[in-house]
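Take a look at these structures.
You will see chain A twice below: alongside chain B first, and alongside chain C after that.
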Partner chain A sequence: MLKLLQELFRAGDATVKYPFAPAPSNPNFRGKPEYNPKRCIACAACTIACPANALTMTTEPAAGKRTWMLDYGQCIFCARCEEVCPTGAIVLSKDVELAVRNRADLMVTADFTLRNCGSCKTPFAPDKEVGYVIALLIRSGLPADQAERRRELFETCPDCRRHAEVMRRVENARLMEVRP
Partner chain B sequence: MSQTAGTFAPHIVPPPGAIRESEQIAKLKQTLLRDIRRSAYVFRVDCGGCNGCEIEIFAAISPVFDAERFGIKVVSSPRHADILLYTGAMTRAMRLPAIRTYHAAPDPKIVISYGACGCTGGIFHDLYCVWGGTDPVIPVDVYIPGCPPTPIATIYGFALALGLLDQKLKARHHSEGPDEDVVPIHPNIPLQLRIDLEREARRMAGYRQGRIIIERFMHMLEAKEPTPFAERIKRYLEEEDDPRLAEIFARLNEIVLQR
Partner chain C sequence: MSEVATAKPGQAYVDAVRQSFGAAVQEESWQADNQVTLTVDLNSLPDIVEALYYHHDGWLSTIAANDERKLNGHYALYYILSMEGATKSYVVIRGLVPANRPEFPSVTPRVPATVWGEREARDMFGLQPVGLPDERRLVLPDDWPDDLYPLRKDTMDYRTRPPIAADTETYKFISTAGGGSAEVPLGPLHITSDEPGHFRLFVEGEEIVDADYRLFYIHRGMEKLAETRMGYNEVPFLVDRICGICGFTHSVAYVSSVETALKIQIPERVHFIRTILLEVERLHSHLLNIGLACHFVGFDTGFMQFFRVREKAMTMAELLTGARKTYAMNLVGGVRRDILKAERIRTLELIRELRKEVTALLDILVSTPNMLARTKNVGRLEPQVARDYSPVGPVIRASGHARDTRVDHPYCAYKGAPVRTHTREGCDVFSRVIIRGEEFHDSLAIIEYCLDQMPEGPILVEGFTYTPHRFALGYTEAPRGEDVHWTMLSDNQKLYRWRCRAPTYANWPPLRYMLRGNTVADAPLIVGSIDPCYSCTDRVTLVDVRKRTSKTLPYNEIERYCRDRTGSPLK
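On to the complex of A and B.
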């Protein structure tokens, strides 16, 4: 009997103390994705990467906004969003206490404004994404004054830019033709 | 607390036989939660999952996590159950057994949707034979997300269902404010060097570990310390116990030296 008690004391208590003490966790554990909307540029890379479609985006050109949505109820905690995020806006934490009574509490949403094209005045990209692209070009070696000069070009939608380029070439060709 | 079936996902048409909870039962359930002075018995229904959730449920009742400390016991008949635990996406074939189980359990009962598939259909949400999660068919009281939920999340969910712990997660919404410009990460490292380092780390260590390792490396590269980076990395490589990590760091250092 004494031997058994000794053995029991030696082995100790195997049960984790949760919920009275914090739960043990592994350094590589993938828990709740923490979203920082201030770092997000609404580029939609995460919504393309998400295998479970827990991350979705809807664009409303009429209202001039894009809505980013994360549904924890659908998330499979694969960390692909963290992998593709260029700005580190979404990072997986170790939190697992996600149970809710109301389904709507599992949603995280964020609204972003769209930038209107300088020439056709229709929205074409999130405002923050355009700003980020310019900042990235400056980082990659474009002088800041040149970037500022080209700002008008960056703030034009691809369709208008293509149209302007075609018109420029047509004009050039016309000038070449009239030469004797 | 009580929700009628199909209130959250209006795009999913509730299938024939979907259950709506009456007000009387909702009231009874509140009484049950307030006055429960005994163990809560759990019956588990797999509606078409991958068995990952079942493994975690059995881990939760094992001696390591020991849900029976709180009187939570898994029983093998819905007639004994206070809590019904629905795992897996609601498939066409399991729809009627799931409804029959709901009717077989005595009122008042608590319904828990377990795992990503139980909550919304998870990765199977758009399959032809899947009716979303549990809630298009059966009124759900508590959702436990996770793929699969860990035993810790399971115990937390049970405690939430029985009203022992409070809900931590709340719906969040953010509207873009002025001056929220985003600057690229690691401003002191040339862009091309950063891209090359990231690619190499991910090639060697895989996508998630690669990112963690490259963040550590670039943090070291950017740190403003009196000792130069070359010396610091040399000391680090001598001290690192993990040969795999040391090899990756040495390779990344080579890329930095090539510049």
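On to the complex of A and C.
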């Protein structure tokens, strides 16, 4: 009994003052994911990686719009999104206070414009993703004017590009045959 | 360790089976050096399982049923045995059940340990165990349709909610007690709590003569979910959530089953990091259970003190993984976060503090007179009952059987680590508490050893090949005992079948024997001593055998009676 009392006095107060003082935090903690739509290119890598389906994306070709959605109510704070994001648009913070009065407030959404294919005029990729590819080429050493010259290519949808490539090869083959 | 240095330690058992039942063995396949699957003739299966279990020191890990009609036109049953004789190995006995006649001879009359596995195979796959003594449903509720077997590949989507088939509860609680006993239902069934179970104690006056219980009220359908909705590398995050305490050990068992199936070479550093975290989990799990034992015997100051120091183990988990629970550390092929110098130093500090404080608290606990009086010779699990039912963890070790997966089948970095199997002969609640205390100190030593010996190197391998339909076993020693995952890959980056057996699943069936002969006031203490995922085992029915009366009590009432032992609810 005496030993127990000694231990109790030695240990003292074990509780923290939270919420009246900030909760003790750990630099390694994985908290609420913070999203920066300015950096996001709507590539959908995070929506594929998310094991809990907290991150989803819907595409409305008619409206030329893609919507990125994060539901904090479904998030499991695993940081797979942070791992796969090519632009650092989503980063886990230390924030643990997610309580809201309204379920809808747990939802974060961002709309992105789709780029229409230069050839067939149907939307095929987010505008920002096309811009990102060109910026990436410049970043990796290609002179800006050369990268800019390829813009037309990148603004063509894969179907039209495939079609154009086939036509080019057919034309080449025809020219070869014509030659003796 | 006196392990025989043969390349395949399971070979001896395969030879023994071939010698006695040569004609019955149809196929032999090796998943790893210590994992072999023997496909045998279905009618000889009970003989072979019995021979391995009782004549070759086999223990039942679990039974995995599988709908392999798409692969070979049959259902399959895998009886997974952990062989712990002269050589240690896993031996899996596989029987093929014809699709047009889904019946198989039950092993339960010979090996009682198989009872839950066979009941579950019937519920989930509609495979009838012929000769099974207990024909009640195990997993499915009473209002589930009769002919809908959830895990068959062609029955239902994981989102299907079938219409309710019955309005009445048809489950019969079974008692071996004579007509004179009374029934005590334990606690109200709380559908809002996360882990309800329904206990029925058959009592004569204050003494429990028999007990029965029903669980699976909150079956989450995780196996179905993982097989249909998730990719194989997303499953680790689901597996983390099987248990609110020992999720990491499940995720190690799962990823190692896939890694073994795909024959991925894991970097050494990964093994050490996983071992450290497995032991961190054991630290906080054991402290939680010791704290609860204090609570149940009315020593609430001890309960609070153990929970105070437990916080240091939680801090350690947060420091090393980024979360107190659900670490999200494992991927197939490695881990996602390294342990760096600053973290290592802080962890060692925390270990020193924990060692000092827990040693002092355990001394106080053992010298508390009430603790000894309440736990010695209470909730006895006789060694022979333990042998028959294959329980795991501190429960079996307290009944004199030396079983610890970390020692018997060393995985991760346990080979060479300072891990010992602690056994006691007391067979009672006290022995289980003491073993947890001893293992706590081992865990501290293992973490120190791993932090010291951890080699440099990568922490994740990528670029392995996903090979369809391979299968293997993954196993760990969770704080509560052996944890087994059996995984078969599909051909679509998903799993074909994933069978997970948490340690408490193996510890429930022998619980009724532990309750017999004790007083009603000790029931919560005994149930708590198997450290079940129990937080809300909320309902007790007390049945008085002599007066033939029955009375339902709220859980907090029986728990209060367990602590105070005054004002019996039976009067």
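Everything below uses one rule, namely that the second predicted complex is superposed on the first by the 168 of 180 C-alpha atoms of A that agree within 3 Å, B and C clash if a C-alpha of one lies under 4 Å from a C-alpha of the other, contacts with A are read in each partner's own complex, and residues count from 1 in each chain.
By our rule, contacts are C-beta pairs under 8 Å (C-beta built on N, C-alpha and C of every residue); 3 or more make two chains touch, one makes a residue touch a chain.
Small disclaimer: the values here were computed from a predicted structure and weren't measured.
By the touch criterion defined above, A:L4 lies against chain C but remains apart from chain B after alignment on the C-alpha atoms of chain A. One of chain B and chain C touches more residues of chain A, and that partner is B. When both complexes are overlaid on chain A, the residue A:N26 reaches chain C alone and has no touch with chain B. In the superposed model, A:A135 lies in contact with chain B only, and not with chain C. Residue contacts after overlaying the shared chain place A:A14 against chain B and chain C alike. When the two structures are aligned on the shared chain, A:F77 is found in touch with chain B and with chain C.
Touched by chain B in one complex and by chain C in the other are residues 14, 28, 30, 51-52, 76-77, 79-80, 83 of chain A.
Listed in rising order, the residues of chain B touching chain A in the complex are 1, 3, 8, 63-66, 69, 116, 119-123, 125-126, 133, 135, 140-147, 149-150, 152-153, 155-157, 159-161, 165, 167-176, 180-185, 187, 191-192, 207-209, 211.
Residue ranges of chain C in contact with chain A, taken from their complex: 230, 234, 237-238, 241, 301-302, 305, 308, 311, 315, 318-323, 326, 328, 336-337, 343, 357, 360-361, 363-364, 367. For chain A in complex with chain C, the residues that touch the partner chain are 3-4, 7-8, 11, 14, 26, 28-30, 51-52, 76-80, 83. Contacts from chain A toward chain B in the complex involve residues 14-16, 18-19, 23, 28, 30, 35, 37-41, 51-54, 71-77, 79-80, 82-83, 86-89, 96-113, 127-128, 131-132, 135-136, 139-141.
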